[in-house]
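What follows is one structure encoded as structure tokens, with my remarks underneath.
The chains carry the letters A, B and C, assigned in the order they are written, with residues numbered from 1 in each.
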Amino acid sequence: MTEPREEMEFDVVIVGAGPAGLSAAIRLKQLSPDLSVLIVEKGAEVGSHIISGAVIDPSGLDTLIPDWRTHETPIKTAVTDDRFLWLTEKSAFPLPGFIMPPLMSNHGNYIVSLGNVCKWLASEAEALGVDIYPGFAGAELLVEDGVVVGVATGDMGIGKSGEPGSNFARGMALKGKYVLLAEGVRGSLTKRAIAQFGLAKDADVQKYGIGFKEIWQVTDANHQPGLVQHTLGWPLQDSVGGGSYIYHLEDNQVAVGFVVHLNYKNPYLSPFGEFQRLKTHPAIKTTFDGAKRLSYGARAISEGGYQSIPRLAFPGGALVGDAAGFVNLPRIKGSHNAVLSGIVTAEHVAAALAAGRSGDTLADLDAALRAGPVGKDLHKVRNVKPLLSRFGTLLGMGLAGVDMWCNTLFGRSPFGTLRHGKPDHATLEPASLHQPIDYPKRDGVLTFDRLSSVFISGTNHEENQPPHLHVADLALQKSSELDIFAGPSTRYCPAGVYEWVDGTYVINAQNCVHCKTCDIKDPNQNIDWVPPEGGGGPNYVNM
Amino acid sequence: MTTLLLAEHDGKTLNEATAKALTAAKLLGAPIHVLVAGQDIAAIVNAAAKLDGVAKVLRADAESLAHQLAEPISALLVSLAGSYDAIVAPATSTGKNTLPRVAALLDVMQVSEVSKVIAPDTFERPIYAGNAIETVQASGKLVLTIRISAFTATGEGGSASIETVAVPTDASTSQWLGNELSASVRPELAGARVVVSGGRALGSAEQFEAVLAPLADRLNAAIGASRAAVDAGYAPNDLQVGQTGKVVAPELYIAIGISGAIQHLAGMKGARIVVAINKDADAPIFQVADFGLVGDLFTLVPDLVKALE
Amino acid sequence: MKILVPVKRVVDANVKIRVKPDGSGVDIANVKMSMNPFDENALEEALRLREAGTATEVVIVTIGSEKAAETLRAGLAMGADRAIHVKTDAARIEPLAVAKVLKAVIANEAPDLVILGKQAIDDDSNQTGQMLSALLGWPQATFASKIVVGTGTIDVTREVDGGLETLRLALPALVTADLRLNEPRYASLPNVMKAKKKPLDETSPETLGVDIAPRLKVLKTTEPAGRAAGILVASAQELAAKLKQAGVL
């Protein structure tokens, strides 16, 4: 497609209306009300593609909008009870609160729908004059002379064959003096920027997990608003990292979810299957007696932490929020860091613009972030993920506890800073070394199959468009992904996008919930996730 | 206390939709008059008079009614409305086209697509493409269209009296130019009485056509497809039934080689009778099928065509 | 020729609606809302007629709360020239009331052609166009799949049970759009940006002198009964017999 694009210029162009992008926009307008700030968002609405547990630490909001408690917000349910269980197949063992490092406490935190929080932040941003355009994906980084000068939105109305259809609309070039990539974990433009500018060359590999979430409407008897419960252990084997969460929100709604670390080795493992199985545990299933499942979604999560943070600033812009990987794994939280990184980035951008600069590299940003609250939050827990990876969940958590206590009490750890080892796509072992896992049949009441799950995520893509999941080498997919690894994509994909049908790789791109797991976990890095037509993807509600 | 039912016909024969709407109309508990509006409609009038439970058939025979245009038929219905408490029509394209005009001219709200009569003034109707059911209560004169797939047809057995009614002068400025009825062509998917749908198990575009067409021809059915079949290139996009395709509510839906993912069920769960033919006895389609046939579709479908001869 | 296109804000077609457990309705809190898809077809057709030089102005109108302005912005972004917002916070506005409000708007705007969606995908009434046509005394062509403009007339091809039918209507006339009428365009980002700044004409049912109180009483809203599994038959012959019995052949 070479047809010229219409162009518009802004002071700052932000890709992604999540907590990071919205916070950056709000801070920019707070500091310099006259700046033109534009956000494009691939979801059909702000919040449509946001999925998170979520228990949020309000420290980010306290900094961004100190009087937020007096605003009309969807942040309503304070955490009142915080439990941690170790599960075996039949039993649950509560971990006493006193052995938990204080940083893991949820006192003062809130159970929210992060999607609804983003909708609220968007209204705050728009009130300050930020222009937010959902339904438009940032599809291409515009780079001139080694400087990012903007992004182009995707073309619309392209037919399956790649030819423009009758309703074709060319994307638009959105030029900014600075471009902030706030795409969340494994952003597609972020991936390009990291590669083009070598942003990750001094960082450890990024690590990931896949997180699932369902919202249920439970009976009055099973509803305890403010209750937060996490579990480790069953149904995962000790060598596979992950765990569950159950959060009781307002209005009889309960969020239940599961995270599986993507460094698992057995290609037969189905993270989705493990999640469905979790709900059948005696200590968990009673919550869902007489309840109804309302929604479902999944999203990759960054887990690399402190040592995996790439360089944030590049010529003409910066990575913001989880695009750079700011999740605190033991706290199972990242949105506070997303907000805080948005703030610190906005402060550097506003200062640069005030000094008449544009299109340069924000030289002090990286140091400021690492020295600030985000860096401190992540530095304390930097060894948790490597310890889990090396020693398994049980021993790993014990050692991680020691490590976190040392960091808390003495400001340093006997482990120093551990490295992560292999990237997640390289951890799969050939199927011949493993046995297939027989997941129980779904009952359609407590446990479900993938397609009926995707159905309630509201996922849709305009049908007549080229698939947005690019397999670089189909022959390799067959000879390796199928023949050696027994088709792990048919199991790791939470939406049933991938099928092997008689040796043919069928890609049901329409089902894609934009979790990015395939882009991360495919053993040959043979799948490239690119944004589909704007507005496509899940339509998450209250997620 | 009388109900007036607008007969559905094609100018030659009485359509079965009339007998189905009659079943619903009877539940209002009042005597029923059937209005046959058209030109040269003696045979239709006689057929209507034979329907069980019809007290009287009104014959409105005029050139202006020949093409069942909404304006003259609604004017006719309004001219008769004074003697009736309820005006009912099947929710066919004619009924849907005409009855809201009558309601507006009488200044009442119509209840569209009644799927269940709860009480003579209280009705169920599907909303949100059948994903919710609304129960509404009407007051005053009733204007109802009836979802025909929700009612079985009333049989014959009556011998109603026949009365000719005056047809108001046609003041409308619509002119009928022509039609293109799909007698030889298959019926349009969204409105078809019978739908024969195929899935990925058909294996190829050629087999999709070769297996399904004889059955569809036999039943005068529209052909549909699952998304997997469309994605595999066996059928064009516009045949897709399901969440992202068409939502159909035929009287008979025959799913052939379709596993029955919820995305597909969303498009056909309003069908009255669902038949599934699939080799996988565990396929979810059997959980919603009234009649299931487990086995090889390549032999069972031709067998069915033969059995239907 | 001036064309008026009434548009409705509805729950987006991709949203899986949830019936509230207390039967009080469908939960639309926080769900994505969009322009009714059939109205998009109607607007697209009007825009094409303007682009073909047949129409000179395309005006859109909606009835609803403050938020319905978003739907008008979406219509302006597609290319409508002007937008009228009949503001009301009424929770339920029935087709009859909508038709009466539109009749009052039409008295002011005097369009030559009204095109609207054949039905809204929320209440699925399929009434507004027909009611409005009857109240105006204008000729109607519902379920249109093709519109050809003549001199003082339009020829409309309609999708009817069992085929197609073509009518010639004298203008002014009313048409309701079916999905096959056209493929609606995407609003481009520049147009979405411009639409954000366009003014909306505002009025209200009270100003127009229309009583919009509902006539029907909604007693409850429930989930449809799920389908239950039926029986397995042993052969094609048995199946044919069962279908005969069920009266669907």
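Following the convention adopted for this analysis, a residue touches a chain if its C-beta (ideal position, glycine included) is under 8 Å from a C-beta of that chain, and two chains touch if they have at least 3 such contacts.
Everything numeric in this text was worked out from a predicted model, so none of it was measured.
Nearest to the global CA centroid, when each chain is reduced to the mean of its CA atoms, is chain C.
By count of C-beta pairs in contact, B-C exceeds the other of the chain pairs A-B and B-C.
Inter-chain centre distance (chain A to chain C, centres taken as mean C-alpha positions): 38 Å. Between chain A and chain B, the centres computed from C-alpha atoms are 48 Å apart. A separation of 21 Å divides the Cα centre of chain B from that of chain C. Along chain A, residues 455, 460 each make contact with two or more other chains.
Shown for chain C are the residues that touch two or more other chains, namely 16. Interface of chain A with chain C (complex): residues 6, 8, 40, 44-45, 47-48, 113, 115-116, 119, 131, 133, 136, 153, 156-157, 165-167, 169-172, 174, 217, 292, 294-295, 455-456, 458-460, 539, 541-542. Across the interface of their complex, chain C is touched by residues 10, 67, 69-71, 74, 92-94, 96-105, 107-113, 122, 125-140, 152-153, 172-182, 185, 187-188, 191, 194, 219, 251-252, 269, 272-275, 286-294, 300-301, 303-304, 306-308 of chain B. Chain C contributes residues 11, 16-17, 19, 26, 94-96, 99, 121-135, 139-143, 155, 158-170, 173, 214-224, 226-233, 235-237, 239-243, 246-249 to its touches with chain B in the complex.
Across the complex, chain B is touched by residues 451-452, 454-455, 460, 463-464, 501, 506, 508, 510 of chain A.
Residues 12, 14-16, 18, 21, 30-32, 183-190, 192-193, 196 of chain C are the ones touching chain A in the complex.
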